[in-house]
Amino acid sequence: MISQQEFIARQQRLLAQCAPGSVCIIPAARLVTRSRDTEYTFRQDSDFWYLTGFDEPDTWLLLSNHERHQHSFSAMICQPKDKSQEIWQGRRLGAEAAIARFDLDEAYDLSELPEVLMEWLYGHDHVYFALGQHGHADTLFLEAMAALRDAPKESCAPPSIQDIRPLLHEMRLFKSACEVAVMKAAGKISAAAHTRAMKAARPGMYEYQLEAELHHEFAMAGARTPAYSTIVGSGENACVLHYTQNNKALEDGDLVLIDAGAEYMGYAADITRTFPVSGQFSEPQKAIYALVLKAQQKALDFIAPGVTLKEATLLVVEIITEGLIELGLLRGTLSENLENESWRAFFMHGLGHFIGLDVHDVGNYRIDGEDRPLQPGMVITVEPGIYIAPDADVDDAYRGIGVRIEDDVAITATGIDVLTADVPKSIEEIEALKR
Amino acid sequence: MISQQEFIARQQRLLAQCAPGSVCIIPAARLVTRSRDTEYTFRQDSDFWYLTGFDEPDTWLLLSNHERHQHSFSAMICQPKDKSQEIWQGRRLGAEAAIARFDLDEAYDLSELPEVLMEWLYGHDHVYFALGQHGHADTLFLEAMAALRDAPKESCAPPSIQDIRPLLHEMRLFKSACEVAVMKAAGKISAAAHTRAMKAARPGMYEYQLEAELHHEFAMAGARTPAYSTIVGSGENACVLHYTQNNKALEDGDLVLIDAGAEYMGYAADITRTFPVSGQFSEPQKAIYALVLKAQQKALDFIAPGVTLKEATLLVVEIITEGLIELGLLRGTLSENLENESWRAFFMHGLGHFIGLDVHDVGNYRIDGEDRPLQPGMVITVEPGIYIAPDADVDDAYRGIGVRIEDDVAITATGIDVLTADVPKSIEEIEALKR
Amino acid sequence: MISQQEFIARQQRLLAQCAPGSVCIIPAARLVTRSRDTEYTFRQDSDFWYLTGFDEPDTWLLLSNHERHQHSFSAMICQPKDKSQEIWQGRRLGAEAAIARFDLDEAYDLSELPEVLMEWLYGHDHVYFALGQHGHADTLFLEAMAALRDAPKESCAPPSIQDIRPLLHEMRLFKSACEVAVMKAAGKISAAAHTRAMKAARPGMYEYQLEAELHHEFAMAGARTPAYSTIVGSGENACVLHYTQNNKALEDGDLVLIDAGAEYMGYAADITRTFPVSGQFSEPQKAIYALVLKAQQKALDFIAPGVTLKEATLLVVEIITEGLIELGLLRGTLSENLENESWRAFFMHGLGHFIGLDVHDVGNYRIDGEDRPLQPGMVITVEPGIYIAPDADVDDAYRGIGVRIEDDVAITATGIDVLTADVPKSIEEIEALKR
Amino acid sequence: MISQQEFIARQQRLLAQCAPGSVCIIPAARLVTRSRDTEYTFRQDSDFWYLTGFDEPDTWLLLSNHERHQHSFSAMICQPKDKSQEIWQGRRLGAEAAIARFDLDEAYDLSELPEVLMEWLYGHDHVYFALGQHGHADTLFLEAMAALRDAPKESCAPPSIQDIRPLLHEMRLFKSACEVAVMKAAGKISAAAHTRAMKAARPGMYEYQLEAELHHEFAMAGARTPAYSTIVGSGENACVLHYTQNNKALEDGDLVLIDAGAEYMGYAADITRTFPVSGQFSEPQKAIYALVLKAQQKALDFIAPGVTLKEATLLVVEIITEGLIELGLLRGTLSENLENESWRAFFMHGLGHFIGLDVHDVGNYRIDGEDRPLQPGMVITVEPGIYIAPDADVDDAYRGIGVRIEDDVAITATGIDVLTADVPKSIEEIEALKR
């Protein structure tokens, strides 16, 4: 678990990167209506969570390094403490307790927001804010700016609006030891869930029932929601990349591709495994699976600090292309196929992505147009795949096969740490598990 | 399951209630961002679902009874069929297949929406629409109206915008036999889940783990999402009506209150049970529980066609007040307490609500200010409760006890049909189950 | 001047046309920023003015025929009386005085608008409102509707939003005797201004100086603003239909086309005259002018109750086409040219339009797709024109000539009443005036 | 007239003040609806006009100092050239001609705006823009920013939005010699108009007719619109500061206060004179007038580079207070009255304001909270006044008198240059003029 000290240290690190005379305004997320008077389960804004670890909606964090605040000031707007409201809508921390918990200089009730926002902005040279992130926050922010700008005699609005995201997202890109530990926990929970689903699968069961097994395993471990919509694609459904209907019955002979990860203490895991419903790969399935596994293994061997995701992708593409030629799924020489990118018909997505508080996490993949070398603290997925469309112009035996193998790896000083290793991956392990 | 014929019959029933020369415009819901590029699990708009049973976002249904359409016309705007988009985002029905499936006169691609909307509205006398329901749909609708109004020579916009909700919601209030059957299925799934959670509970377990047991039971039965945020409140948490944090460990001696229901084929169940973690009610717990149970039982005995919810509430209030006086939690005579409504400190919510596609379902409780008698086809919850605040001015032994017992009942021609009967409710049954 | 009785009678006539249980909501216009803290001269919303004759912004009129109001109720929201505000921003009528002046049942301060709007809407069956007319009013109106709709137990929002414009605009289409009298006054003022400009024009003078003469004449007579942007097009500028730059020096030999009308007591005049700067038409100018004048005269002779604008247009088109053939500007037979609409290159706008509180006034030109016969009380413009582009493929002598002659006529029981007759139109009169 | 070179020099001066890697986006104003299909006379955005002198709506200026543009780049989005549209709506410059006229690197049609805006913003470190100035421009700007931010792999949106106003408005505060010359021309036109109105005034004439005289004089000189709403307040109306109804008949014995100024080539004049309708001041009128005149004269003598407006105000307040005490309108000693600010009941507005493209022109009056000394190039108004409310607790003879005397002065290297001197101000001159 992330300590309150770490959250405060993040705030200070952020503030230290801002120009002098700056104020940062970071609004929390809000509840979203699902239907009529019900709401979706609240999900905190990742940036707000990263800085506070606070899980209430309708809250705002402020940081200032203005000299009038002795260069270091933090405050919060909180949902009001209100006994009768809290009987109905659940308990809230409240402004007073927030000061203690978050070591704030000040805290206010939500009803004071418009005035407080003006006070916070007043006289700063820069405001760091994420315009375009939350519509309601934009409106309030821009109204406060306009009011200050129109002050008589002398505008009091910060003349400069800095996008807070580049700073925050570069920070989020590099995970602390604590963060990696939490992500490893998320990985473990998710791995256990995949293992359970793998064991449970049998013909006649529905895809959504495998989803249920995974989600139950997540939730029992304290991960009450998945990090993203769970994909359970059996048979040809494995070839639809974001298949989330999960309403088909598993059939004997089918492969089933499961892409699912827990959200644990805010952090995502992202695992994909593909396995035979009946417990035995057919020959064509085995051939494709082995090829994807080889590609992933080579990529994992290759990835290390200093390497770029693009270089790893080139390696994987070469292995997959070579394999597809050998299996007769591509014709021509390796170099011909690499040149005309024929492999894109079978491997149409990227090799991996940053992962953290978001499953497709923040952080620039390029800097000034150049691919960026991986560095310690980054966490990425490695997820090669081969998808053979049901109407692909290939040997009938391969049609409709879809395989992806995905693990999450933290880049360390010396190499990588696979966070999701606890789930079977080799053909032998999988077949053994299902026996 | 609701047949396609029933959906079409609903459309026709709706259209038959519209004035001549009317067009109905019913937009589907849209996907909602959860964080960054992930979205909440899609939930269809209840009205759209009621009329179509179609579970895709970004879809619009049109119905017209204009004579130029031979008084009966239906059409749809659909997400486009697009092979490469569907590999990435999942399969879609598409306009062509929609015509067959929904027996439409016409169907179009989403890209044609602005033009089609103008054509649909053109020259009608009335348009039935739910202004204020979906922001994006309002914008598109009002833009089309403005464009038609500004036509040269003669305005072609319908001069009358009728709120479609009163018609649709009165229809939705009366459930068909098929709907009651689906709701009974939802009730059965939810009852099994409650029974499982009741059995599973033991000291040291976390509230969210009971939630996990319930949700797994739901999902295995095909109810992939709960109808509303599950409440698992142990000890004093039972007194927070919408407690959804569910992060406390169950303690020996605590009661735990679970309010949870599956959403099955779009329909909600809504069950509450309260039981002792350890399997045995203490004397004060038993006293309160017995009183709530008696109140619920009397209400169930009383409720029948022709009765109003208000009358049932008066009955329950009298029983609860009498009981609280007997237990020494209220002082004074029954009539004094009824008059000053002292019972509101312990029973602060309503006795029940309509339930259907929404857990707090649509439908007017009053007509022209008069309480409305229950009628066959209505489905309601019956959920008395007693909540004794931890700081209540009562005998210490009762403080922090919260009990609610809730069942869903369909009003029939002759009485009621309890849809959620399959979960223990009497003290004996509960204690037996936990032995 | 329109009497207060007439305004109240209009309100009653409007209300009588509404369905029982209706409320009408009519917002005034608002001040519009011109630059920084200056505003454009306030122009009242025409519909609001039509019903009240009240020239303050931020005001709302309400009419109700609900039985709870004894079927006849009027109220207003007014700008607040506030001594210090009025020193700064000008005097206001205020709620109290409004009751007397407009014979209201009730009046309120603007600050009470949101609550009053909800009270006004509450429990009505229909609300007549002009959605899309004023953005700020739409927002307030829709918020009040939403709040009423979400009332617990039973929606209190009117289920039907009727467009108030068709009713109001049909009323506005038929001018009362008083309105015709005011429009005649507007016509007289405008005619005097045209005569003055005609006299004043001389080579070297700027187009905007003719505009200045016109506007001064308007303003001295109490018409402080023109009804629309004044067009003073000399030479080729006459061929740009909405030429409003007016920044060229008049040249000897040029025609100058002036299209200008006063706004007097809210009502527009709309006169166009074309005349030679130097006082003498050249031969080609004379030929074109005579043709347009003949067309206008024939149209004026033809127009009468029962005739349609379309029929008048056909007559004018025939005359103009015939003339253009005679002058060699069109080739081929009359019927050929009518068929291929070659005349559209020279006469590209309509023959006339309704005029009243707006220069292009409200009212449908067609009913159910059929051209509508003119009827007593309608007021229209009659404005044929011929415009020969500077690069037209015709005899050089005609290039760059633009002529329009426009008068405003009220349809009477027996024929027409030309409201703008007091300005020279024949070649002889014009040349005489300039001598 | 401002030369095209000066406009371009301004653009370069602006760009030179921006951080390296900056792009400036300056949208023009848009046409604003007056009623139905008529629009208010177009007024260009002052900032856009300051940089271009271009009077078309729906136009955008871009400046970039990015190295990819060799540190100096200008471009424009223009209304499209379109022959048939221009026949109807007036001539436009078009992209091609704009390049030549404004010495641009590139120009585009309005239809390309969304794409061009993205290209313009792409890869810059800073964007200078006036958020909150024009709603439609904000929307387009923020959409383009969001699209760039969401680019895959690496955000391409400028991370910093700088308010362009502080830079531009500090530039606008210091008028060039050309600007002062244009403002002097505006002052001359306005002075002539005041003189004419002074002469014309006689009992029975309406206030709006004096307005008409002023506006005609403005317009004949090429100033087609006043810089702000003209105030003609006779009698007690002079005490309503922003009295613009101007609908009262002048009465013998009344003073009339006229506050009016031409807008000439975009620049405002702002003159107030107060004079007796009949040509002779009464004794009380003379006393008040003389006092205001003395205060203004002393202020004009005092104002010079290095002086602050606040210091001039203190001087004027002292003179006025002393005079009011002498006249018996204030009681007590001078220092008592200064301390309790009793004079505010009679002189409730500021002594002056910056003037330029806007009548209340841009520019900060304070810097870091300190009053700012006047400097050469600034242009200000000097406008003391005394207003005695009709119900003031003073000698009846003074009630209802309102006097203001206002001139525009440019601060020069050595003192001031009064731009509006050509209109009588002394009692003798005024009485002589009216004889």
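Letters are used for the chains, namely A, B, C and D, taken in the order the chains are written, and counting of residues starts over at 1 for each.
To be clear about the criterion, a residue touches a chain if its C-beta (ideal position, glycine included) is under 8 Å from a C-beta of that chain, and two chains touch if they have at least 3 such contacts.
Going by UniProt, the chains are A, B, C, D = Xaa-Pro aminopeptidase.
Computed from a prediction, not measured in an experiment: that's the story for all the values here.
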Completion exercise
The chains touching both subunit A (Xaa-Pro aminopeptidase) and subunit B (Xaa-Pro aminopeptidase) are none
Problem - Greatest separation from subunit C (Xaa-Pro aminopeptidase) - chain, by CA centre - result: A
Fill in the blank from the handout: So, in whole Å, the Cα centroid of subunit B (Xaa-Pro aminopeptidase) is separated from that of subunit C (Xaa-Pro aminopeptidase) by 53
Fill in the blank from the handout: For the pair subunit A (Xaa-Pro aminopeptidase) and subunit C (Xaa-Pro aminopeptidase), the C-alpha centroid-to-centroid distance in angstrom is 60
Fill in the blank from the handout: Chain-centre distance (mean CA atoms) for subunit C (Xaa-Pro aminopeptidase) and subunit D (Xaa-Pro aminopeptidase), in whole Å, is 32
Exercise for the section: Pick one for the touching-chains graph, please: line, ring, star, complete, other. Expected result: ring
Problem - Pairs of chains found to touch, sorted by chain label - result: A-B, A-D, B-C, C-D
Fill in the blank from the handout: Seen from subunit D (Xaa-Pro aminopeptidase), its contact residues with subunit A (Xaa-Pro aminopeptidase) in the complex are 131-132, 142, 145-146, 149, 152-155, 157-163, 165-166, 364-367, 369
Handout entry: Contacting residues of subunit C (Xaa-Pro aminopeptidase) [partner subunit D (Xaa-Pro aminopeptidase), same complex]
Key = 29, 32, 34-41, 43, 45-46, 86-91, 206, 208-209, 211-213, 215-216, 219-220, 222, 224, 227-229, 239-246, 348, 357-362, 387
